[in-house]
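To keep things simple, chains are lettered A, B, C and D as they appear, and every chain counts its residues starting from 1.
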Amino acid sequence: METDVKVSNTQVVSAENPDIQAHADWQPVIMGILCNWCSYAGSDLTGTSRIQYPPNIRIIRVPCSSRVDPWFIIKSLQTTADGVLISGCHPGDCHYISGNYFARRRFLVTKKLLNFIGYHENRVQFSWVSAAEGPKFAKVVDKVTTDIKKLGPLHRFKKENL
Amino acid sequence: MNKLTYFPGCSAHGTSEEFDHTLKLVMKTLDVQMDEIPDWNCCGATSAHVMTENLAFALPLRNLVLAEKLENKTMGIACASCYARMKVTKKEMDEHPELAQRINSTIIEEGEYTGSVDVQSMLQYCYETIGLETIKSKVTKSLAGLKVACYYGCLLTRPKNVTHFDSPEYPMSMDYLMEALGAEAVEFDFKTECCGASFSISNTDVVHSLSGKILEMAKASGAHMIVVACPLCQSNLDMRQPDIAKMLKTKLDIPVMYFTQLMALAFGFPKEELRFPKHIVPVEDALSNIGKIQPAPEKAKKTKKAVEAESEVE
Amino acid sequence: MARVGVFTCFCGANIADFIDVPAVVEEAKKIKEVKISIEYKYMCSDPGQGMIRDAIIQHRLTSVVVAACSPRMHEKTFRKALSDAGMNPYLLEVANIREHSSWVHQKDKKAATEKASDLIRMAVAKSIANEQLHEISVPVTKRALVIGGGIAGIQAALDIADARIPVTLVEKSPSIGGRMAQLDETFPTLDCSQCILTPKMVDVASHPYIELIPYSEVIELDGFVGNYKAKIRKKASYVDFSTCTGCGACTQKCPVKVPNEYNMGIDKRRAIYTPFPQAVPNKPVIDAEHCTMLTKGKCGICAKVCEKGSINYEMKDEIIEREIGAVVVATGYDLWDPKPYEEYGVGRYKDIITSLEFERMVSANGPTGGVPQRPSDGKVPKNVVFIKCIGSRDEAKGIEYCSKICCMYTAKHAILLHHKVHDSHAYIFYMDIRAAGKGYEEFVKRAQVETAATYLRGRVSKIYKKGDKLMVRGEDAQIGQVVEVEADLVVLATAVIPNKDNPDLARLLGVSYDKYGYMSEAHPKLRPVETAKAGIFLAGCTQAPKDIPDTVAQASACAAKVCGLFAGDTMKKDPMISTVNNEYCSGCQNCVKVCPYQAIVTDEVPLGHGSKELRTVAKINEGVCQGCGSCVAICRSTAITLAGFTDPQIINEIVAI
Amino acid sequence: MNYTNQIQEIATKLFAEGKIDVFVGYRQNLFDENQVPCLVTDPADISKLVFTEKSVFNLSNYLKFEHTRNKRVGLVVKGCDSRALNLMLTESQVKRENVYIVGICCEGVLNEKGEKAQNCVECVMPDAVVYDELLGSPTGKREYLVNADIKELAQKGLTERADYFENVFENCIRCNACRHSCPLCYCAKCCIDQETSSLFHGANTSSSAMHALMTWTLHLAGRCVDCRNCEKACPSHLPLHLLHKQNEMVIYENFQQHLAGMEKDDRGAFYKYSMSDPDDFIM
């Protein structure tokens, strides 16, 4: 169904996934963690310009993408979310000068590590959305939602006792 | 023994045979072995690059590829246009590998382009690679008394980011070279003005007016002759001088010589060797100034003033 | 046990039309911590806020959730409502059900409603972990440091001082006045620069609230907004200002002649000199580089002629320290060196000069007594060619930007030339005429009409010598022809470039600067005088090329900013910043590396309870911290927490759904 | 590889000169031919010290405990150990003046099967990078090799990998031996133990183990030096190196070939950045 995806310069995995069946009625939950100054403002703009996107995303506001600790992602995947979207200011536009550069490094390593232990790479996605990119935010959410719907509900490594 | 790959260009075997000849004499004296590129071809100047990029690059590239086979570090070029075409091509090829591949494929039977050869004009080669000291050491017959206006033309030092040689607007290398031979290089404002070469067939009037300006300025600046490093400059300034004089209704009679001719002269080669008859404007009168005592050059004074200007004590 | 109130807003139809608000309200009631859940048409209206206030008191709420528009919209409004009810404003959470739900899921009411409920659950969960936060107040030292004594520095210093705030004004050269002191008359009014500037210079010197430190440089600045510590190096002047009367005997007798910076090197000054007659302070200094006494130990004439015995060759540089609260940077501009224009013969022809050299020539106190002269032969020029955009708007040879002032001062020069040499004629080669400003266009017209200056639109391609004239060849694009002008004098309007010391100074101050060396403002439109570093402001050409009116305006703006900063005894600051838990901190100091504001320093604390042994921990300077949370995320032992976005708060949000 | 005599001489000298209070080295195990760490405080015990290809443990770890804190310590380090020590110095956990470092140019140690250990086969820096005294002849930095097991695992599909790691996490008993054995896990209070962070509440389940191990791994990403103390300490023999090497590889390939602890004052990949870091994975 899906073609091979490159996980890193040296390793290639075939990304067939048992979860892929038709889930007509099922609606995924996507945890969206947005930085306050660019992406959250951008998502507000999507609203004020009435651009429609799928209702699956639940948005958490943080001051900067650099506030995002990898365990936010892991926690989300283990508890409530079928997928995670993290969005910040474009490189160079960080309200806090360099925050997103540090974040970017952590994101890459985390993404690859999660993929390595068996999460499909589309479960965790990242985007740069500026305060002016209302339309882009809608597109991003659209894409993530479609990707996650393809992958189906997340069962792996879920917390049993909640 | 320095080794130099030599690209003469079409005019070297025709209109500018004297350049080619004296160049060889000079290089011999300077102990440089010149290996002419076997089966070299036209550089495509003035026509190819206004028509098709492929051709404009393919022609010089073939020469570059052939040159690489001779395994010399440097490739010396007599004509300024040839020089410009080679230099531009080399720059483009080195900076855009994919383009290089594309163009190279069209002449692949000649071989793979690696970019191992450095391209220099003969002036640049004398000035940078050989150096004024060596040249001075070979001078047996100083040209003292001779006033020359050095004309570089439009291509020898331009564009800067391609040639990386001397100044694009007011170069001095040839002037220094002349001074090394004992001659005096006059202040000459039109040393990089256009002589109209590319119109020399299609629209000679343009050539006349443009070259005319240069000749007048040279005369005004008190030079006995113009020194050039490019066959096209030479032919325009020399060959057309009578017509230009007619057009301007004035007398010019200012000979145009190759810097190599003067070098050869200073190196002590007999006049007969230097192909003077090939000149339209006779050179003998101008050369007769050699040896005449000149007032001491005021440069020295100037520098002294400059020092004082810095800070002086009463 | 937490007691949360949820207040859902219809926002007129904005929310109500696409979300089943009553259902959402009911859903909220099901959350066990929620004590009250009500809706209202407009929560942000007075009655709406009233409902919140009443509920807080009536239900003894421990936190409040408002489900309405984006927090970026009304968070402040509702926080105020909380504090009005005597509740800590930071116990508020906003569920953004308008921008994030009703407006973006208009086709699917059911989903939108579910999502709204989820957002409320998350907000409630987060609010439970909210803590009471209190605005931080940082003490401020009410003294401003102004770097640079040009018109910008002078204006800023005076405005601040007039508000009875002490100012330390540091000037690199022996006198304040800067570039403006070199100008003759100023556009567009042609009032004489000296006449309007020198009174201000005197004010500076005499102002009770201004400490003027001339001939000195700032060499160190540490601390943070409101609490900076500056080190200033006072260069040795070798003249004791306390006794010197400024009689000038020394400056006349000194035998050493040096090119005069004030006159752009057109004439000479002595090794002991006052830069110009109206200098403030009007005391001479010895130029150690050229004074033969200081270099070779020979001469000593100035000491002999000085009746007061004020000359002291033994004088040394001294370091002055000042505690200050804010800095205004006003280092001004330099002029671009036109050497690359070789086709003009720059450097070869004496009769090609720069605008500032021309300015000095035409100025009454200038080296040529106010009448322009050809440097080559001292003749008075008749035909003068002015060439604009030398270096400006020129990627090939100079810089990309427009220097802003050249169009105007060149027009001024044309007019001045006409005033000084009546039978002269000015030719001006230009690319565009940029005369945006009050009275500017009219001024240019005046140059074109009254003084009949010939404006030629086009670039000059060549200047060559013909006899003792300079032939200027350029294009007149309007008639599409090449023109040649026979000139006696050529004046180049060279580009404005930042003070060459800018990058070093910027690094020393910790503010950023662009590729040209101009210091960067915090926001190009909305914060044009602040830098990214709190408490450091920019005035004049330090930030970008400017004319005098703009410079003065920005300087006054800086003053206003400084006064605002010093309005109270302490500065108020948003409490949403990081704090370190010493018990958890292992002192690896990695947080120090990631902090964009150098807000994290180290501190020594006892190893254990009551132990003498010390260990190092991180310490966050709450005056500097901006609350980005970079340090929090990289702190492995979670010793750092960011108020308002703590781990518990975010976890609660994540698991709430 | 046998430096027993040299090390004994050095230790003797150091004690004689009163330069150190304790010397950390290896001694023969009493029951088998393996070696165990050994802290010598009495010169009389110096004769116990040995060093051969059986000296596997990373002794830098012992600098983080109470009995060496602010004492003057003599320490034996191999290449990987020294890189860890380097980081501890940079992260100011150890005062340089307090340690006398005996660096070894390591020829690789043996695993329990008696063959050269994997991390030694794939070692990038066998020589000690920080030392007061260097034993053996340096062979210099080596080419970076991608871990064999990772290559193998990467060939497998997502599901297989997920199953594999589910099993790994199943077998974790949350004893935290890995953490205690790691020289770079010196935190005053580990986040994993913090109820307040409510991070790892819940019983010892595969998911909580996964969360704990993931967080731990990511805290060591860009810092781990592949000494494999954790793996040796793990009672349920979890392949912990997989997680560390995965991160190491990603970091090496994407962030200017960064390797932990190679240079002085290098703080690991997450505490710096480059404008040119990969951005293509971000929409």
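Here, a contact is a pair of C-beta atoms (placed from the backbone, for glycine too) under 8 Å apart; a residue touches a chain by one contact, two chains touch by 3 or more.
In this text the structure is predicted, and so the values were computed from the model without any measurement.
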item	value
Number of hops, subunit B to subunit D, where each hop joins two touching chains	2
Chain pair showing more contacts of the two, C-D and B-C	C-D
Chain whose Cα centroid lies nearest the overall Cα centroid	C
Distance from the mean Cα position of subunit D to that of subunit C, given in whole angstrom	49
Cα-centroid distance, subunit B relative to subunit C, in whole angstrom	52
Separation of mean Cα positions, subunit D and subunit A [Å, integer]	33
Interchain centroid distance [CA atoms averaged], subunit A/subunit C, Å	39
Multi-chain contact sites of subunit A, meaning residues that touch two or more partners	75, 98, 102, 106
Multi-chain contact sites of subunit C, meaning residues that touch two or more partners	594, 634, 647, 651
Multi-partner residues of subunit B (at least 2 other chains)	none
All touching chain pairs, where touch follows the definition stated at the start	A-C, A-D, B-C, C-D
Contact footprint of subunit B on subunit C as seen in their complex	255-259, 268, 290, 292, 341-343, 345, 348, 462, 464-466
Subunit C-facing residues of subunit D, complex	70, 91-93, 186-191, 194, 196-199, 219, 267-268, 270-272
Residues on subunit D engaged by subunit A in the complex (per definition of touch)	146, 150-151, 153-159, 161-166, 169, 199, 202-203, 205-208, 210-211, 214-215, 217-218, 221-222, 242-243, 246-247, 249-251, 253-255, 269-271, 273-275, 277-279, 281-283
Complex contact set, residues of subunit C against subunit A	70-73, 96, 98-101, 103-108, 111-112, 114-115, 118-119, 122, 532, 576, 594, 596-597, 626-630, 632-634, 642, 645, 647, 650-651, 653-657
Subunit D partner contacts - residues on subunit A that touch it in the complex	7-18, 70-71, 74-75, 78, 91-92, 98, 101-102, 104-120, 125-128, 140, 143, 156-161
